[in-house]
Structures are given as structure tokens and as C-alpha cells.
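To start, the structure under review is shown below, and the notes come after it.
When the chains are written out, they are named A, B, C, D, E and F in that same order, and each has its own residue count from 1.
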């Protein structure tokens, strides 16, 4: 069923010009990139949002694959793929139908299942923070996954305006899936949609909430040490978890977020603690960028994740 | 049924700070302003569009009512209301429900009917060019209305992606309503969604299509003279009919549009030829404005329409 | 008394790099440029306004004098000075003292008197539309001057907040000076601070008010023909009289203003009808410019005025 | 005497939509917000400055009170008011009269006295750094206040152009008031109006000047430890004390300022060391903002101050 | 010799996605589009200029070919190709070698000769106004071509800094080629590099110089009537000949240029007077665009030229 | 031979308005500033690049010398020159000739030799990172210089497109000069033109490569400690070595660069370890600045370098 995803437009039309792979049933990949543009809206004026432009904007902002693959990357201390034969594909964007918002989620889950079932590491690009919900559902398995969540916000709302799978709910939804165990939430700060009840729920569940201020006091290495060893892990990154001076293209810029050096340490540290099954990068609103910085940081973030998994021997 | 419309936000929250009137059943007004934010999307990424921001953006850009009502307006050669007792209200924005795109049109039609049935002149602010469709349906009557249409595009498509009441179809939809007779389309130029079949249909109907180039050659007075006398009229203005140097905040800027002086002559000339039942101003995309010019021109356009109707004795 | 004016800063520091002449008592010039930055404020938040930045901004935006003086100017059909020996100086900016707003006007009038008494044509750069008041006072003489006024607004207010010499009053103030006779006001449109009483006063005085719409209908040559022959003239140009698409850097952009071709015809036509004693260009708010267009147009406007006076034999 | 302050305009018109309280004699508040737009100018072109736009710009940028008061704020580890009954009002902006610059200071002092005498914590929003002078004068009492000053600049000038209460002098003025004792100046760096004499004066007074570089070396906790315990304190924050990457909307961006995490630690640490009588946030120049970051940080800063005082039991 | 041109990058990579044709020896086309990025610099800081970005920027800004070819274009009163079988190709950009500026011209001439010798109409996209020189050289033939030139500037300089084929010289260079006869220069205004000597030379040659002001007085139809009938013609359009409100992305915006409606009439009128062998559009500096207007106008201009030649039966 | 350099234009036309010194043979200076605008291009579209605008842009952005020299600079804990008699001059910009790219380097080397031979500390402002090559060549001497290099990139490419002295090669070129010994490279991160071979070469040479991540872990003081003591040193700073949030005006913004506080510590630490013969600041692309931050930081960086050398007794 090829129709789950569609080819992106623009130039480059795929992330770093990696090969396009729309036939998910025939997928042969170590790493798969998947655009999931649409969350579930809370209000009519969110039916289409700026974040839905991010998958293609990020692809178009990406530099060419020869450069990135063959040149020396000092974030990785070597070329992206470290001379290994690693198969990376871009699976395009999940499709949808007009008038049935949930169908996009169903297709996203189906696409993610195909990719994950084939053994590939999945890199999902949102879209808002609702889109990890179908991805996390596709991660269904008989072992417990540790969820690592970078965000300014807690995202434990049960529902808003009757919608239970919108961008304020992904961590609560994960907490309800049997295959998620420990939850670590990093960079939390400022105000979001959470009220005291949600905070109580998160704490009752056992979520390890590390505010930006605690992070400042203890350092990222200590944060890494608090994440249970072994894995497997899933990493969900809300762009507003990163500091708005370096990722300004978000809807809710909040002071005090992760620096790039902190982010770099987290990604490499986590990938080396155990298998990270996939990651997503969500809530980039391209129209609000300043000097293209958000896009540059986003590409670096994804390349660091790819390069770290390669070096950790995921595909050997 | 007050719930048809809701109060706008921002400051000013109503156009020129005219009184807010949400109880449409109890409406007592000569002129009513109505925001209709949402058209029917052709693609999922049009579910919310920039044009839906226009009603409130236009209100917030409007200057204060004391200034506008009491000072001398040289576009009108006197104060806005010419010293007469004219009741102008802002009825707020038509509401909708999440997940049922057509409901917004149903409410728009209901709101417009209430306003028009009360005898008020209706000024609708879009939204895209789909929103005149429910308004024109609400104009149902036993006499023929002459439709005057300012646009770069013909808007005679029957359907796109199965949607028959989207922004490419309003003039065809009008042509199918028994209460519309002559159709005059002014400022047409460049390329739109029309193919040769639609042009043939428009011509078969008898639409008088006056391109921007013919307008340049004959002048706006000659255009006015070609509009059948007597009325009643309905005036629908797509912002991209106006030249993009003066209304840059549109999705499809097209060179050669109406100048302000041409627009001024058309509005005053039409209002004096006969009763104009209402007008709409659609397809303003506020995010794309330059130096706030589009908003300034939009306010002038509406004030000229109001002032012209007052001077033509509509409310005496 | 050299202290009436001070050297501008920036680069170029004088208009077109013409020589700086601060010693007004020793002035030997055919044409003198004078910056007058400060009007009289109506509100505390107008104590300094963006228009006060215009004299130096306009100088800094001007191209070099060699280019402008020696190259062929098609607006003039020849080089700026037509090969004649014409002395042009920049007298810098009128000074002021902190805490006495009126002192700036007193110095502006004194500076203008020295320049005009020496026989030079005076080109004043504002500042807001209050600054022509001291200039017009300095024009005191025993003959009647015809005032030609380009503006969107009438500027006949007697006072606002007790201030009688602010930017809404210059034409009324001129009407009270014995040495002004006919007043022609061109490009009037939209709403300003005028109420019906002021319009009545202007009409009672005999002001010939030519709206932008009448100008469109009759053309600029007919406007020129309506200006009484012979002179002398004084020309005051509010930048918002020009269309905001070509001079966007104004506080009150108003659609329908003079095009450049209309402006060109007016300047050359007027200068050739009789002696124009001086002109001012006011109400440019540099911070609001788009693509530097306002500054480019302003320089062209002044160069056309200079070149026209040279060709009309003013300095032979 | 209600006329000391006036209602702000815009939407929201008060900070976070807290209730407006213009009758200062009848004030019943725990925390009062006060806009003081105008400093004393050194030059005529500073008579009105961009900073005077900050009080209303900051209010209009603030999010709604329901959200801020009821949702969980991770900067505070709970809702803004921690479930307590704390009365917060916005007292509007201090008024002035045209032509008497000092009158604004007299009214600011009178307004501040009324607020402080009623026992409320005062949050003043400038305006430039002259505006704390009347506020600090209103703090007159029989105990010594410790002044904590965040800034890039020293602000110990005695006078400039004869003006002794302008934006370069507030700390020297405080040093002359009997009711100020210890002075701690944090984040000092780069060049300002200070010469060696002023630095000598500050040091002779005993001011504890902590440059940004010393702060980097010792950390904010050590800075807090150096502030004498007990209080009472007054906190004056020049926005250019904060790093210009996070508060770009200042007149003199200077590299190396306080990070948000440092600012957060300082505010909470200080409020918990003893009673902070009030704070001001000055020198925001809204026109220079980038991606609205300055406004977002300013709101966070004030909310952190409010929330910290609530948690420290100031109003129990 | 395929190496004369190279494939453009970006998306779309060809104008309107027309087929790419790099093998000029095997060219089978009715209309060929050719990018010529580099002129000959006068100064070292012009070695690469913003205009060299225009060919690809214009291609990337162009809309898709299906839309443009199949939809009804009201500028043409029908679809672009009027249902005819017309072969349009994009030949990419002329190549060059580092360190030999003239080689680019040699290749441009060679490429243009191959295209023209094959009978195709050539549409060249600059680059600055030097690039028509090799194109015009490639037009060599035994009949006289009438040169129609739209520009603010005269472009009759013999040399600047020793360079004789730079952007100030194309019309003089044309005047020296035996195969150019009448020269009509339209829209001339303001100041350029011309001095009186060059104007004298142009007039001595017999160039018909029609300033923007004469155009305003007589109208474009009269201008068309003054162009000798019969052809063949070559049309060179400097973007600054068009009014800067509609084509702001030029290095020397000059008020009073051609309106779109005037441009439309000129293109269609000229194409119908006789065979136009080719046209170029030069001096677009993409970095200076406002709201993408220049790019939109440029595409319209080229489509109008294409559509006009199709309707005039050039390829029947 | 005065013609090696030429006076900059603009205002101020020299850095901080220091005296202009074009006669390099008669130079009597302790510190000399030299603009070197042009590198050697790799591609034709780099023949002139945005970086070539930086020397004059940086001068024009600099504040006045009185302010900077006489006021107290907290980065230095005293006035810039610490009351000493230090002679600082601006030698203008190195000239070139059209059509011979290497001549600019030859003149740059000649100018640098004259300045350095006279004993002055040389501050070079690029231009791209090719321009230190002639400067480093002019440093020829019989002792080993330690090269300290701040950059995101390694810059060890031998050649690109046949060009061996372009912006990717300065450190390799230095490694080949007998007078350079130890090389320390700080802030390296992300991807550049280096491949594994170049990294191997750099390591074989013994370059001490300190990535941004190692810097984060060990701190700048430890970095300083790793730089061999004694000197002499040469400091080359690529603006993209600094974090793009504080120096956004670079061609390749790369996350994780040096903070200002780190930069401050490095400059002062290095200058005090031994004699720094000169420094350069390259790769600023002024057109890409945000809120003028890059220019402000650049000026601070140079002033800190000047002030540090003064305090270290270089000129006593």
C-alpha cells in the first residue's frame, strides 16, 4: 500500500537528498525519515497550522548529501556514516483525506509500523506535538520502552475541547500504552496547558521531571545518569524545549531552554546508553524563523542522531 | 439565536469601534458588518488559511470611530454619516464547529438572512472568496440582482477536488441562483483556475467580462455606464482585483489591478446607480502585508462604501 | 550669528555633498537647503517624532554631487545646473534648546529670513508640517504670494490641545499672513484632523481645493492652469500628498495620492509660471520606508525643483 | 487624586488583564503594576524615546490572566499565586503635562508613594533608566534599603547637559538618599557614560560591582551570597543587563549579559533573602525587538517576581 | 558542444518546468529560454553581483507549467499556447571559467547563435545590462533589426574604467553593429551614467528617445505607432525601466517607470507589428525584492511575450 | 608607495574615527587596523562576496572614538588606552586591480609587512578566511609563532577548484610557513570542507584541535593553559567560530560556538601569555546581520584586544 505517503515537493525534495522510498512494504532501510504534517486541531483556526509546513521546509533547508555524508563532521568526529554501509531513506510525508482528521493518524501509525517492523530506526518530523501519538502506538511491543522527552511543556493533558490526541496530550497517551515504562521529561519550564492535576498525574505515574533550572544546576551528564540504562528508548523533541535564541521558529518561545551543547551531549549520551528505536522533532513553525537558525539547528540535531546511532553500532 | 456570531478579540474589537451587536434577532441597524472567516478548503493545508485572520486584523487596524465619524472625509466631501442618524453595528464573526466545514456556511447564511431581512446593508469581511456564497444565498428574493464582481480571476469553476462551494466557484454559484441576473466582472487579468470551458460558460451566461486592459482603454466611467441601471446590486470584491502595489496582502498578487482612484469612482458610481444590498471584501491575507497598506486601503474602501450609501439616501 | 544652524552628521553630511554654509550672515548662494527637524508637539509622545530624523536621513541617502551635477538628467533634459554657474549650499539643521519648544521656530524663522533676504531660493526639509510656519513667516513682503500646497490633508485647524502652530495648522496660519494671497491645495483626500468648520473656513477664504479625484478627472495640466499666473509662489509638500506606494515613509498613508509623473509635471509647470521663492518637503518618517523608495523619490523631487529653477532662469 | 495615572490603551490594556486601579487613594492591593513612560531627556531628540512605548507594548504582549494564574508554572513549581488570595492590580500609566518634563517625575513619585504607603509591592515599568529615581524617592523610610541593580552600565553620572535625573544617574541619586544602604551592581560590562571619576565614586561609596565576567567565574549563587541578608531590598533591572540575544530590544546591546537561568536564580534567591519592596524593569525599546523575544522574557521576569513574592509569604 | 550551458539548480529548475535542453546542437525548439548570469564588471566589487542570481531566482519563483499552459490567461485571452503545438525549452545558464570574464560573453554569443540559427525565438534572462551585447552580436544578419529598448537609462557609454562591454554600453554597442537600424528607447528618466556627449551621440545616430514624461503625455499606443513597422525587432528590457513600485528588485529604482498596463500594451503591440527575434530581461537584483512582486511581474512579462508570439503566428 | 591602501568611505570612515594613515612607509603607530576585503574565489559567483563589505560596514557601525577612548570600559576595567599614550591608526583598505585576483594578496602582504616591520600590532579585518594568508606570510621571522585559531571549521584544505589560497586553506598554508610552530584550533564543530585526509594531516602536524564540546567540558581557562606559553602568537578569528546567536552575520551559522564570555577570557588570557603580533577577524557577511548584533560584538572584540595589549604593556 504505497499510498500511505507521498513525495515531498521543493528542492531538495528529500532530507539531504537521501533516496525517496514510498513503497513501505518493500522498504530496505536502516534509518527512515518520515514527515507527519498534521496534528489533531483543538480549534478551527488550528485546522492547518504553521507546523505542518515543517517537514518540507526542513528538507528544503538541508544541504546536499555528498557534503554531509563525505565530509568530516566534528560533532561526530568523522563522516556521518563513519565509512559504514548504512541505508538511509526518506519515506516522504504521510497522506490524509480532506474532512477526516483522524485518518492522517491512522496512516501515520500504519506507515510507522511498516518502517519499524522492518527494523529501521524511525526519524519523524512534525507537525505539532500530537503526531508522536500514532508513532508511539506503532512502537507496540512486549518490552518496556523508556520515553525521553525534551520540551518546555509537560504535555499530560487528557483532553482539550474533547480532543484527546492533540499536541497537549502525547506524554499522557504514552503513559497509557503498556509498552512505555519510565518517562523522563527534560527542560520543562514556564507555563503550558498543564494544571496542577496533570502535574499530580505525571508525578503519580513516576515521571522524572527535570526542569531547565535543575538541569542548569546538575548538568546534562547527571541528567543522562538518571535515565535508566539499557533501553530501548524513544526520544521525542519539541522544538520549544530548545532555547528560543537557537530555535526561534516555535509557537511558544520560552526562555531558558536547552543549549546546543547540552542537546549534543544528550543525544550522544542517550544513543550510547541503549537502543533508541526512533525520535521525532516536532513543533517547528517555519514562518517564524530568524536567519534560518531553527532549520540549521534542526538539521544538525538529526545528523547528530543519525551519526550517533551509526557509531553506536546499531546497523553493524 | 445569538450563537450565530461571536465577539471579535483585539483592540479595537469592532470595526471603527462601532457597537457590537450579537443578537441578530433583535438587530436594529442600517448597516451591519459581519466577519465570515472560513471558506471551504480544497486541500488539507487550506483547512485554516491566512485569509481567516482578516476580519479581526482589519478591525484592529481600523482607526477610532470618533475620528472617522466626525472628521471631514474628502473621499466623501463631508463626514462619514453626513450628519444623518445612521445606525451602524458590527455583528462579530460567524461561528463554526470543529469537524463540520459546511456548518460555518450554514451559520453565515442564517446570520446574513437575519441582517438582510431587517433591511440593513450588509458588509461582509472574509475569509476567502468562498464566503460570498452563503451571503448570496441569503439574498434570495423575487427580483433580479445585478452582481458586480471585482477580481483578477473569473471564479466560475464548478468544483475542485469535489468541493463546489470553494473560493474558485462563487460567480458560477451566483449564476445558478434565480435571484441573480446580470453579472459584470471587472479587473480580470492574468491566470487563475479557469480553463476555456469556464470562460465559455461565463460568456454563455452573458457575463460582461471587463479585463484590466479594457478598463485602461475605456476608463472606469465607461465601465459604470455598462452596468445596467436601477439595481438592486451586490458587490463582491476580491482584494486581488485591486493592484498588488496597493493591496499586497493577497495570496496571488497579479499586476495591473484597479488603482485606488478607479476603485473610488466605481464604488461611488455604483451606489448612486441604484440600491446596493451589500458588499463583501475577501481574500485579504494579513500576514503578507507591506507597511500596513492593505489594511489602510481596506478601511478606506469600506468607509467609502458606507459614506456613499448614506449620501445616496439609502437610510433616509 | 552662526549658531542658528549646526552641521549635520552622517555621510554624506550635506545634501548631495553640496558645500556646508553655517555662517548665514555671510551667505552667498542661489539655492540654500535648510533642515528644520522639530515641529511643535500636540502630545507628549510627539515631543520627538520620527519626522525629525528626515533631514539627515535624506542627506545620507543622497548620491554624490559629481554624479548628480555632471551627468545627464532626463527629468530635466540636461545636467542639473545646465552648465550654469549656480551656487548651491546646505545650511545644515536649525538648532534648538532643551525645554523651549518655540525657540526652534524662532531660530528657523531667523535662519530662513537670512537666507531669503540674501535672495536665495530656500529648500526646507522637515520635520513635520508645523515647520513651514516659521518659514512662511520669514517670507514676509509687500506682495502677495500664491501658496501651492500638496497634501492629503487640509491643515486648516486653528489649534489642537492649545497648540496653534502644530502640523495641522500651517495653511490656516498662512491664510492669516498678509503676504499670502491665493491658496491652491492639491491631492486632498481621505480623513484628517479637519472638521466641517475648517473646510468652511478654507472655502470662505477662497482656497482652491483640488481633491485627488478631481485631479484624476481633469489632469495635472488643468490644475496648473488653475493656479494664478505670475507668482511669486511658495510650494509646501507634505510627503503624504504623494501616493503611499511611492512615498510609504509617512505617518498617515492615504490611498490615491500624486503619482511621480503628476508631481514632475506640477514642479516644472509651477516653476515656469513664475518665481517660486522656496519649497519645503515635510512629514517624511524615515523609519517606515520600504526599499528606500521614499528617500529616492524625495531626492528626485528636490533635484527636479532645483533643475527647473535653473532652467527657468532664476539665477541668470 | 485619580489623575496621577491614566488607563493604558490596546488589548490587553492591563498587564495580564489584571484589574485596572486608577484611584490610588482607594487602592487595596498586594501587588501594583505602574507604567512610567517618560524619563528626563539629555538631548532634544530624546524628548520622546522608544522606551516610552514599553509599558503599553509589554501589556499588549502579555497573555491572558486565566492562563497565567490558573495553569502550572514550572518557573515557580505551581500556579502564579499558589492558590493564595493575592490582590494584583494594574495602576495604569503615570500622566504628565506638555512642556514640563519634571511634572511626570513628581506624579510618578506621588503615585509610587500612594502605592507603597498602602503596603503593596510595586512593579514599575519604564521608560528609560531615569524613571526609578522618583520611585526610589517614594521609598523614603527610616531603615536602610539594599539596592540590587542589574545593568550593563554603572549609572553613576552626576549630570549630563545639566540634567541630574536622567537615565545615567539613578544609582548615584540612590546613593544620596538616606534610605539606601548597600548597593550591589550585577552584570556590568562594556562601555557606558561612566568615566573613571564615577567609578571611583561608586567604589568610594562601597558599591559591590560584579561584572559579567566575575559572575561567569563565581556563579549566580555566589553573587546572591554576597548580597547582605535581611533586606529590605529594591531591585532595578535595566533590560540591557540581560543578554541581548534574549532581550534584543534595547538601545545599547552589549554582549555577555545575564542568561535567563541566571536571572531566574537571582530573582528567586533575592526574594527569599528578605522583603523586596519593589522592582522596576526599564530601557526596553519595543521597536527593536526580534521575534517578540524581549516581551516574552519581560513577562516571564515579572511573573517570576510575582510568584516568588507570593511563595515567600509576602502577602500571607 | 554541450558545455556552453549548464542545468540550473533549485525547484523548479527550469522556467515553468519547461523541458531542459542543454544540447544546443540538437535543439528543436520554437522558443528557447537562456540564462546569462554574468556581465563584465567595472569595479572589483561588481565581479559578482546580485543580478547574477536572477536567472535561477526567476525560475524558482515560476509557477508550474500545467497551470500556466492549460489555464486561461486573461492577459492573452486564452491559454498560453492557444492550443497550438509550440516547443518551448529552457537551455539552462551559460557557463564560464574562473579568471576570464570575457569567456562568459563568448559562450553566451555561441549559445545564442545556435539557438537563433535554429530559428527559435530567444528569451535571455540576465544578469546585468551587459549581457545583451553577446546576444545582439549573435543576431548578426543581412537585414536591419529595429532595437526596442525599455529602460530608465540611455546605456550609450563607450567605456567605463576601460571596459567597453559593461552594463552602461549595450545600446552604443548595438548602434555599431551593422545589423541594427532604428533604435527606440522608452521610459528614459532620471540620472544614469550618461553625460551630454552620449546623449548627443544617441541623437546623432537617430535614436528615438521617449522619456517617461512624453510617454505619459502621448500614451503607449502613440509610442507603438512611432516604432517603424515591419521588423524584425529585438526587445531589451532593463527591469528599472518598469516602475519601481512594481519591480522594486533593481539596483537603481527610479520613479516614473512603465506601469504594467503600459508594458502589456507594448509587448503585444510590438509582437504584432512584426517578427520579434528575441527579448531579454536584465538587471533584476533578487535580494531587493518586496513581497516577491518583481518575480511575479517578470514571469508575467515573459508569459505575455510568449503568448503574444504564439498568437501572432510565429510558429504556425 | 601610498597606493597599497585606500581611504574607506562612509561615516565614520575609519574604525572608531581613529586617524587615517595611508602612507605606510611613514607609519608611526603602535596599533594599525587594516581592511583586506577580497579573498580568492573558488567559484565565479564568489568573485565578490558579502564578506568584502565587512571592513567598511564594521567601521561605519563603530561608535565614536571620544566615547570609546575616554569612558570606562568594564571589559577592561578602565578606559581603552588606560591613560597611556598609544598610537592607533586605521590604514584603510588594501587596493586591488580588476582582473588579477592575486594582486590583492600581494598588496595585502606588502601592506602588512610595512605595518609589522614598523613594530605595530596589526588588526586585519576581512574579507573571507583567505585574507590571513598574505598577512601570515608577512609575519615571516626567525622565531616560531604559535597560531591560535577560532573557527567552526578546520581550514586545512590544500586546494579547491585549483585555488590553494582560498578561505578553506589558511591553516594548512600557515603550517607550511617555517615561522609558524604550534597551532591551536578552538571551537571546531559541525561540518566544513574538511575530509578525513585533512583531519589526518592536521593531526599529523600536531594541531591541537579543541572542539566546542571539549571546550564546554573543560572550560576556557583549561584551553588557555594548553596553549604553549611565551609567544609570540598570531590570532585568527573566523566569525563563525563565535556562536551564531551572537554573530549571526556569517555564511555558515553553526550551533555551539564560543559565547562572548568565553571569547573575552580567551582574548585577555592569550594577550597576557605573551606577545600577540596581530589578529584578524574574518568571514563577517554584513547583509545577514540581525539587530546589528554581529557588528556590536565585532567592535567589542577588537576593543578588548586593543585594551588587553595596552594593559599587557605591549607599547610601554
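The rule we apply is simple: contacts are C-beta pairs under 8 Å (C-beta built on N, C-alpha and C of every residue); 3 or more make two chains touch, one makes a residue touch a chain.
Just so it is clear, the structure is predicted and the values come from calculations on it, not from any experiment.
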- Among all the other chains, which ones are in touch with both chain C and chain E? B, F
- Tell me which chains count as touching both chain E and chain F. A, C
- If chain centres are mean C-alpha positions, then the most distant from chain E is chain D
- Query: When the contacting C-beta pairs are counted for A-D and for A-E, which pair yields the higher total?
  - Reply: A-D
- Message: Based only on mean CA positions, could you tell me how far chain A sits from chain B in angstrom?
- Response: 43
- Query: When the centre of a chain is set as the mean of its C-alpha atoms, what distance in Å lies between chain B and chain D?
  - Reply: 48
- Just curious, how far off is chain F from chain A if you go by their C-alpha centres, in Å? 39
- Among the residues of chain F, pick out those that touch two or more other chains and give their numbers. 245, 290
- Message: Under the stated touch criterion, can you name all the chain pairs that qualify?
- Response: A-B, A-D, A-E, A-F, B-C, B-D, B-E, C-D, C-E, C-F, D-F, E-F
- Note on the structure: Within the complex, chain D is touched by chain A residues 152, 154, 188-196, 198-199, 211-213, 216, 244-245, 248, 253-256, 288, 290
- Note on the structure: So, in the complex, the side of chain E touching chain F is made of residues 37-38, 41-49, 52, 96-99, 101, 104, 161, 163, 287
- Message: Show me the residue ranges of chain A that touch chain F in the complex, using the header's touch definition.
- Response: 67-68, 70-75, 77-79, 245-246, 259-261, 264-265, 290-293, 296-297, 300, 303
- chain B touches which residues of chain D in the complex? 9-11, 13, 60
